[in-house]
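Structures given as structure tokens follow.
Each of the next two complexes has subunit A plus one more chain, namely subunit B in the first and subunit C in the second.
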Partner chain A sequence: MDTARLLPLVVAVPLLGAAVLVATGRRLPRLVSDIVGCAFAAVTAATALLVLFRAGRPGPGAYPVEWVSGWRRVGIVLVGDPLGAGLAALVSLLVVAVLVYSWRYFEEPPRRHTGSFPALILVFQAGMCGFALTGDLFNAFVFFELMGVVAYALTGFRVEEPKPLQGALAFGVVNSLGGYATLLGITLLYARTGELGFAQIGRRLDTEGPDGLVLAAFVLVTTGLLVKAAAVPFHFWLPDAHAVAPTPVCMLLSGVMVELGVYGVARVYWTVFSGPGGLSHPDFTRALLVLGVLTALLGAAMCWQQRHLKRLLAFSTVAHTGLFLIGVAVLTPEGISGTALYVLGHAGVKAALFACVGVLLDRYATVDEHELFGRARELPEAGALFAVGGLALSGLPPFGSGLGKAVAEEAAGHTAAWLPALYVLVSAVTGGAVLRAGLRIFAGAGRRPRDGEEDEPETTGEEEPETGGRLRRIPVPLLAVPAALLAASLAIGVIPAVGSAVGRAGALFTDTGGYRRTVLDGHAAAAPAHPPPHWQLTGILLGLLSAALAVTLATLAVRRPARTGTAALLAPVRRLQSGHIGDYVAWLVAGTALLTVLTVPGVR
Partner chain B sequence: MSARARLWVFLVGAAGFAALFAAACFDLPAFGTVPHPYGVRAVRAALSHHTANVIASVNFDLRAFDTLGEETILFSAVLGTVVLLRQARDEHRTDPEPAVVHPRVRRFALLTLPFALLVGLYVIAHGQVSPGGGFQGGVVAATALHLLYIAADYRALERVRPLALYEIGEAAGEAAYVITGLAAVLAGSAFLANVLPFGTLATLSSGGTVPVLNAAVGLEVASGVVVLLARFLDQAVEIEEPGEDGGSPRGSGDSGGNGDDERERA
Partner chain C sequence: MTVLPYLVAGWIFLIGVYGLVTSRDLIHAVGCLAVTQSSTYVLLLAVGYRDGGTAPVFADAPTDSRVVDPVVQALALTDIVVGATVTALLLALVVQLRKRHGTVDPDALSELKG
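Take a look at the complex of A and B:
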């Protein structure tokens, strides 16, 4: 079949699967509904990979463009450029991994609704794939909302406890407000241009100069996407939601959903606002760079402070999102390709780490670093996976996360010479926090951490396993899936073809004129030639440096636990994460104003 | 953060937001001047497919893919509600008590029910011709069934409301939309393309796939709303909190559904 015709199927197939599961969920035994869910997710993944395979190299089928409903220019367009298609493939593969991981995971599915968990995951997959593939701003908003609705329900899945519901509520309120901001921005653009497609809006805007309306539209549309991306100060929902969501859901939220927010910012800027009628490049760079640096620093600082493992990983996601935003902010093809590689590598690593935490939760009924001290010595396999994950998170070559970090930090270094240092610092601290927790939990290294004066409100010992009773024997999928994810992350860094494909994807992504011509005029754009991202000596050395730093930090922390000095210094920052939804909403509104201030000199 | 600090953060942010939005509003196109570029094209497109209701044409033809997403948002919201409002381990179910209804209320509700149902189906069926369509008609039809709750009591509603059937109906509506789209692909066109004969403008059979998609959405929305309300009513009427005693009457501060019960009994 024509590659373009396959694009809507990536959305349609999982939706059909969800409908089948809901219709038959009452009668099917759990095993069958799990198999049906996996089958639909796998077919979608195969379709997305086929699209990616054809779009990822020059030749027939490259850059497929499909006008859904057959209405050229008036209707909705799906664009399978290599980056979008690659994200859809990443989402689909991770969904398959998650469904395999949660094979018989929950103690018991909702009574008479065995199909509802896989059905929700399939709709989540459809929403994320649709968001990655769409070339239409309003359609992107629809999929943005769809992702949200499903994610809120999945976060609150364990209704027996109050915390998941609180986390889901904060997630829902903050993300919905972000969605309203985006919708408001879309209406402004529609009022000005009468168009909803990225390419059409961009072309229309470029016929006139930028003004207040364009600036406001940019700020509002971007606000919603930054909420999804959990950029400071829109990030507060993320740790609260990730700490309480079921582990398989955390894998998807941290692995791909948050990154899709970053993708949205980049996609909307490059296709809509990057021309003369939009927002000038220096203004965009300044705004996003400030937010990215703040996000990375705050995420890393908070990550180091956590002892609740899911919160620790959640803040590490915040920190890495900051780095991704910086990679996008520098506005070069190298920045985009590096960030794309980083996202690919990070997705595997972060999902694997969450999977390991899930094993701990289900065996020991806690995810507290101090309570677990030395208890998991009996799980050497999980410990090894956790340690490898921590090292890969810190950017150790030759993992994909390391390659992405190396390429992105080099690209960022061209914009500001100190940015590579930030990449090294942030990945070392987040990787170090993971290694520290791993050393304590799986090796019982160092002294037993004392509890007492630093009893934090967000740390609880009252977690419940997600598998009914505590696990005695660890089922195979619970370890095989993280192992496979880490192997995939390694493969991304090792196989040169991935690097060159992502390099081409970045070049096409940043070619605004090429995108618009391909979508609207039907001339397939050729990728501008430039060298594909690959391992360079500086990158390898910096990767080794951050891994070494991470190990050093972890060892020091284990040897000399709980120095109260730094904790006291960061106490005001910690208190911001109050769990009060009103606070988060106030910060969201303030963040919109901050984004305005950062971009406002852009009105010429 | 203290309430005062929160207020200040919000006010500073809101001031910035207000300034931004005000600036944007001054740059909006003036009211009622030029024909809107999208409106012109949408009307032309709708007429070319013999769809008298241009809005239905935008929703179910030009931008049918958006509507698939919107239908799915409702679908997954209902699914999410089913999951979140499920009977938890420590909750138990009691049978709803029969209620005494004033005969006039009963007569009125029973009389209105078939008409409301008919209106709902009419609105679904005429989406391509006149204002309305699957979303609106689906809600009307689902509401009609709930008149039975007012006319009689919860047990009567439960008898006409086999939830399993409505859940299947909801899923079937969602699947029908996707399958209509896939059928167009099999026919050699784009996903969700309008491949059926367009018929005569402003008749029931006009618009090609528009009425088909409207029917799918109508089925999904009507069933979905029934399932959704059932979950909330169950929580209010049947499911007991762990602490609550099964038979004891509840306080007046309870949620709406139960309050209705109390009033009816009185």
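Take a look at the complex of A and C:
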């Protein structure tokens, strides 16, 4: 079968699965609906992997492009370039892992709605795969909103509790507003070019010089994507949503959905705005670098301050998103492939860490670092997984996250010599925060931490368990899934074929002319020759350094749990995270203004 | 074709955002979000407008008659569907929040901080 013909299946199969589950879910027993959900997700994953395998064959050759039902002017175009297909495969594999993990979750789902959770997850998968594969700006907006709406519903899935509802509302309002900003930008681009496809708009824009309208379109389109990517100051919704969403949903939100925002920024810039009619490379680099550095630093600082484990992991996602944005900002194939490897490794590690937190939540009905002090000594397996996850998060070789960090920081070092230090610092602090929590919870190390003063802004971690009752014995999937995810993350760093495939994907991704020729003219895009990303001595040493720093930070924090000056220093920053929707919207507007200021010199 | 529709679209977006920022009631906030979205309808239709153009339906008009751009109308239709979904879901969340929390005032929701 023609590879291009497989592309629509990656989006259609999960949608079909969701429809089947919604239609028959109320008659099926729980076990059957879970198996049906897993089967549809697995078929999608197999299809995406097949596309990826065929599109990723080394040597010259076009990647598949499918114009659904043959409408070439305005229609639905799906492009299976290796990076997009790779993300679709990552999404699908993670969805399978999540569905297996949630085998025993929600022990008593609402009556007559047995299939609703797997059905929602399948729609979420379809939205994310579609967003990764689409070659059209308006379709990208539709898939963006589809995954958004499903994600709000999944975040507020436990409608019996007030906290998830509050988190889902903030998530929904801020993300939808960002989506509408994107649509305004898309409309401006259509007004200028009369086209909606990435390749068509880009080609038409390049016939004229840039002006204020193109700049406004860039700022508006990017705003929505940066909201999804949770870049500072668009990030406020993320910790609130992640802290309250069911654990399996957190695995997907942190593991892939946020990263898809970064992917969107990179895809739109390279295919639409990177030519002479768009935004100049130095302007884009400056704007995204400033946002990325702010995001990385703020995320790391806030991550260190948290005691609510899911919030801690959520802020670590913010910090890593900042690093991904920096990798995209440097505008080199190495930066893209390094970031892609980092995203792959990070997805496995972060999902595994969330899975471990889910185990704690269901056994102790809390995810508070202070309350759990020493209580999880009876769970050595979960503790070991959590510790390995913390080390991998800090970039320890030979994990995939370590390889991605090494390649990305080297690429970033060519742009500014101090950027590798930022990579080391941020991954050390986030990894250190995870290790600190792990040492306290699973080993009971150090002194019992004191609670802070009353007036400080703080979210503590008392939550309702997500299973029917508290778990006595930990079911196998709850530990097997994080173990498999960590193993996958390790494999990404160890198997050289992954590195060379990602290197080729990065080279094809940044070849704007090749993309436009492949999509519009059907010419074969030859992959530009490129040394594949691999382990280098500097990268290994810097990875070991950040892992060592993470361990040191964690040990110091456990030894001296007394509140230090940093907490007082960061209190004003923490107060900004107010949980108030109006504040978050105001920050979104401020962020759009900041983005405009950063890109304005681009107008000639 | 004047610049007025574009200014109107920008104004609607900003007034909706202003409403969201200062909202004291979540139902009102969801309404404001719908207002910001209606700016996209105005902008889309303004972009597709042609002077002297008629509706792009050729059943009762000659095939060479001047019509407005049908593409943006299809986009606006899709946009409306998206908007209806978002509004319905968010309103359902607000209703549920009122049941569990007893309030729809965003200032009174203070469980997630720092």
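By our rule, the second predicted complex is superposed on the first by the 589 of 604 C-alpha atoms of A that agree within 3 Å, B and C clash if a C-alpha of one lies under 4 Å from a C-alpha of the other, contacts with A are read in each partner's own complex, and residues count from 1 in each chain.
As a convention for this text, contacts are C-beta pairs under 8 Å (C-beta built on N, C-alpha and C of every residue); 3 or more make two chains touch, one makes a residue touch a chain.
Note that the structure is predicted; figures quoted are calculated from it, not measured.
In the superposition on chain A, A:Lys163 makes contact with subunit C only, while subunit B stays out of contact range.
Of the two partner chains, subunit B is the only one that A:Ala18 touches; subunit C does not reach it. Using the contact criterion defined above for the overlaid structures, shared-chain residue A:Val258 touches neither subunit B nor subunit C, since it reaches no partner.
Look at A:Gly212: by the touch rule set out above, it reaches subunit B but stays clear of subunit C. By the document's definition of touching, both partners, subunit B and subunit C, reach A:Val589. The larger set of touched subunit A residues comes from B, when the choice is between subunit B and subunit C. In the superposition on chain A, contact is made by A:Arg26 with subunit B only, not with subunit C. Within the superposed three-chain model, A:Gly75 lies in touch with subunit B and out of touch with subunit C [touch as defined at top].
Of the two partner chains, neither subunit B nor subunit C is touched by A:Ala41.
Within the superposed three-chain model, A:Asp240 lies in touch with subunit C and out of touch with subunit B [touch as defined at top]. Across the superposed pair, subunit B and subunit C both touch subunit A at residues 74, 138, 142, 145, 149, 152-153, 156, 159-160, 165, 184, 188, 190-191, 196, 575, 578, 580, 582-583, 585-586, 589. The part of subunit A that touches subunit C in the complex is made up of residues 74, 138, 142, 145, 148-149, 152-153, 156, 159-163, 165-170, 172-173, 176-177, 179-180, 183-184, 187-188, 190-191, 196, 239-240, 243-244, 305-306, 456-459, 574-575, 577-583, 585-586, 589.
Here subunit B touches subunit A in the complex through residues 1, 6-7, 9-10, 12-17, 19-21, 23-24, 26-29, 36-39, 41-42, 45, 61-66, 68-70, 72-73, 75-77, 79-90, 164, 167-168, 170-172, 174-175, 178-179, 181-182, 185, 189-194, going by the rule given at the top.
Considering their complex, residues 9, 13, 17, 20-23, 26, 29-30, 33, 36-37, 39-40, 43-44, 47, 71-72, 75, 78-79, 82, 85-86, 89-90, 93-94, 96-97, 100-101, 106-107, 109-114 of subunit C touch subunit A.
Only residues 5, 8-9, 11-12, 15-16, 18-23, 25-26, 66-71, 74-76, 110-111, 113, 116-117, 119-120, 123, 126-127, 130, 138-139, 142-143, 145-146, 149-150, 152-154, 156-157, 159-160, 165, 184, 188, 190-196, 211-217, 219, 575-576, 578, 580, 582-583, 585-594, 596-597 of subunit A touch subunit B when the two sit together in their complex.
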